[in-house]
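Here's the structure, in structure tokens; my notes come after.
Every chain is named by a letter (A, B and C) in the order it is written, and numbering of its residues begins at 1.
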Amino acid sequence: MKLNSSRLKTLRNAVLSRLSFIRSNSYISSGIGLLIGVVLFGVIGILVIPYHPVRMGSVPRDLAPSFEHPLGTDSLGRDLLAQVCFGSLMSLQVGFLAGIIGFVAALAVAFIGGYRGGNLDGGLTVLTEIFLTTPSLVILILLASIVRKVEILLMALIIAIFAWAWPAKTIRAQVLSLRERGFVYLARLSGLSSIEIIVKHMIPNILPFLGSYFAVVVNAATLSAVGLEVIGLGPRHTTTLGIIFYWAMMHSAVTRGLIWWWLPPCIILFLLFLSLFLIQRGLDEIANPRLRGE
Amino acid sequence: MGLPYVIRRTMIYVLSLFGGVLINFVLPRLVPGNPLQAKLLELQRMGVRVAGQEFVDKYMKIFGLNEPLHIQFVNYITSLIQGNLGISITRFPTEVRELIAKHFPWTLGLLYVAHFTVFLVGVILGALVGWKSKSKLRKGVFMIFIILSQMQYYTVAMTLLYVFAFLIPVFPIGAAYTYGATYGNILQYAWDIMWHATLPALSLVLVGIGGWSLAARGLIVSVKGEDYLILAKAKGLSENRRFLFYALKNTLLPQITDLAITMGFVATGSILVEVIFGYPGMGYLLYRAVTALDYPLIQGISIMYVFGVTTAGFVVDLMYPLIDPRVRYE
Amino acid sequence: MGTSNRARALLNVRNLRVYYRVRSSSVRAVDGVTFDVKPREIFSIVGESGCGKSTLANAIIRLLEPPAYIASGEVMLKDVNLLELDDQRINDFRWKEISILPQSAMNALNPVMKVYDQIKDGVTAHEHRLPDNEIKKRVEFMANKLMLPSYTFKSYPCQLSGGMRQRSLLVLALILDPSLVIIDEPTSAVDVVTQRKILEFLRMRRDEAGTSIILITHDVAVTAEIADTMMVMYAGKVCEIGDVVNIFEDPFHPYTKALIEAVPVLGVKSEVKGLSGLPPDLINPPSGCRFHPRCPDAIEVCRLEEPQLKEVKPNHVVMCHLYRRD
């Protein structure tokens, strides 16, 4: 496919027209806006706040919120606002990393199984079901407690081990229904290779679905990450929103009335989950117009 | 219900169990070095006086760690079948199964009550909202629960704990019953248990409703456009009858299978809730085990969870065709 | 129709307009339809897909869902305007006086209820005091005539074939012995044998029970077989209404002529003629007579003015400029 200027122009127009449709959908725009807001919050926080989020003892302990420390400090001598800003970005990182790895794996499994069919598909579906029905957090806890020295990338990989199962199942359902559609049949007759059919014809037709599923996966992955972190199995030498919560619990923040310690990470996580939820709802509506007008 | 369906579900069930057992077995052995030795080293580092090599050898024998790997695996499976889950390292010589047996009922009670309440309330709320989408009250309540569900278990649990156990001390801070209390009769005991269980159960319920009602609403909306509902209206049936028998009934049955799948999710959510409230269930036990790196205990609890969740799912999968005529006569 | 017939009619539809709201405009699916149905009559509504016949049926029995709405007109059943009744009163009418057999029988039965239970609750919603064995008797009577095996009613819909479901719905539609039944495409989804059974049954109902039947179909042959009166619709408008035999022998409206000529005749080796072109856009229908772009006999005025219904023979009306009295 030659890439000349007129081709680029039509491509650009196509993308822009698609994007404008997305922008007009209030769920997606508010969801993306919220997400960007959280990211900005983290980024600006890191750039502006002079305190180190992880190094213990860098500031006096257990200070109540003040102008210098808007969220106060924790019992380990760290500024809480710095932690929250930095932690937001780290939580986002883990969630998206695990989500991407899991989603790509799910795409592969779903298309290989769904498109080819036969015994390969049967085997892959059984595998998917197994990973789907096993309680993931428990196995993740087992894994994380064995590995112990977890860093962000490793944690994302561990979470992805289970994160791929649900999208694999749902994408496969889409692939199966797509495979029967007329245009796929025609594409196969015209001699296109399977990869070409999948990439150029099938995937573009289910993009809203894929987007929606991706939002769900990132949501679930972040939740798993928080679940691990709150128990103390989070990545070392760094802080995430879940880890802040863990320390708050460890130091009895509730019974000491230190609401500024445990509440802010909860709020940011809530905004994160809410934004992903809105994005997912919006894409659902685009994919399934019947949901509109509710 | 065809034979291939039963075979398939059974195969998945058995493989899931086997996978869980395998992971439980393999993982700790992937750690380089001897876990027992590592534990002893750790204890030593903490300043505990530790016995010498013969101590280690003796306990290696007890734990069966000096046999070749495949023999260890067979031993492991046999002991599992016999219900022997090993001995806890931190609470030596208490057996793992004893600890689990002590903590399991608390989780069971909490989980079952919460899960079924969530299902009932969530599905009915969602169905009502989907049926009559104009009612502002229904929609408002619906939105509140959706927002609560995005706040997740830990937020709601901590907030409830903060507001109702700290700020306004109506409920206890934690535990399942008041330690060291004596009870006049069984009723007092039951009341005390319920009083302690209220906040944890409430956390699970408030967060869980959102997801169910969203799904239920979607299902009712899709059913509303079906031909049989339109004909029901043409027949002159009352709105209640149409809602209950023609709309709701058609959406309830598929959601029952979800009940089993989500059991796993609620089980893991309850871990967090138990930890926050210090509620002495399996989740709390797991948490303590993880903190102390008590591997036999961690493994034992993991196997219990895997077994419990997959078995529940398996049972529901087998029972479902019996209640849904559409699947039965496929 | 002449005013002398109005008093005897069971159903009067006057100037019914049913539109669908689409963004800022409306699809004029039914645009000023007027006709009468007498007691003991099989009245067939014939037309292409999209001409508005199903919409018309749903409007009469008040089953329209948004974005469809009734723009104007009246529907008088036994001197009661169905369109003006509130929800409470219309429920009294439903099924007892007027019932419907909808177009797609495949999905019209509740999948999670046994067929008998679905028939029974239709009865108990209106006549609570009717005992169960009384209902069973009625069901068995009709089932016999339709040659439905007895296990049909104890089964769930998914266990039955399409034809059996269709016939079950027919039993359901007639269980309360309504004066008027609307049957939408009873024959398009079933085999010829079931078709025959259903048509015979309908004829028997008309003769013995005096039920009037509005039969909606695109199949002219079915109309010829059992209808007494037929109404030809095109693009939301009435073209011609009259006695079936009369219309077949001597069709007036060009569209009716085309319809009849499109049906092959046994034994006659002639070319089957069709009509060129496609049905019109109903948001912006053609000016004047909606049929004029495809009409082989169109004259100048057809493009400019909408024709009026004119009685060309006793009980036979046509809406066409070719027949307007000067």
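Some points to look at:
Heads up, the rule we're going with is that a residue touches a chain if its C-beta (ideal position, glycine included) is under 8 Å from a C-beta of that chain, and two chains touch if they have at least 3 such contacts.
Just so it is clear, the structure is predicted and the values come from calculations on it, not from any experiment.
Looking at the partners of chain A and chain B together, they share no chain. The chain with its Cα centroid farthest from the Cα centroid of chain A is C.
Contact counts per chain pair peak at A-B.
Centre-to-centre separation between chain A and chain B, using Cα means, comes to 23 Å. Centre-to-centre separation between chain B and chain C, using Cα means, comes to 56 Å.
Looking at chain A, no residue sits in touch with two or more other chains.
Of all the residues in chain B, the ones that touch chain C in their complex are 226-228, 230-238, 241, 245-246, 249-250, 253, 324-326, 329-330. Across the complex, chain A is touched by residues 8, 11-12, 15-16, 19-20, 23-24, 27-28, 30-31, 133, 146-147, 150-152, 154-155, 158-159, 161-162, 165-166, 173, 218, 221-222, 225, 261, 264-265, 267-268, 271-272, 275-276, 286-287, 290-291, 293, 295, 298-299, 301-302, 305-306, 309-310, 313 of chain B. Within the complex formed with chain B, the chain C residues making contact are 61, 63, 65, 91-96, 99-100, 102, 104, 106-113, 121-122, 125-126, 156, 158-159, 169, 172. Of all residues in chain A, those touching chain B in their complex are 126, 129-130, 132-139, 141-143, 145-146, 223, 226-227, 230-233, 245, 249, 254-255, 257, 259, 262-263, 266, 269-270, 273-274, 277, 290-291, 294.
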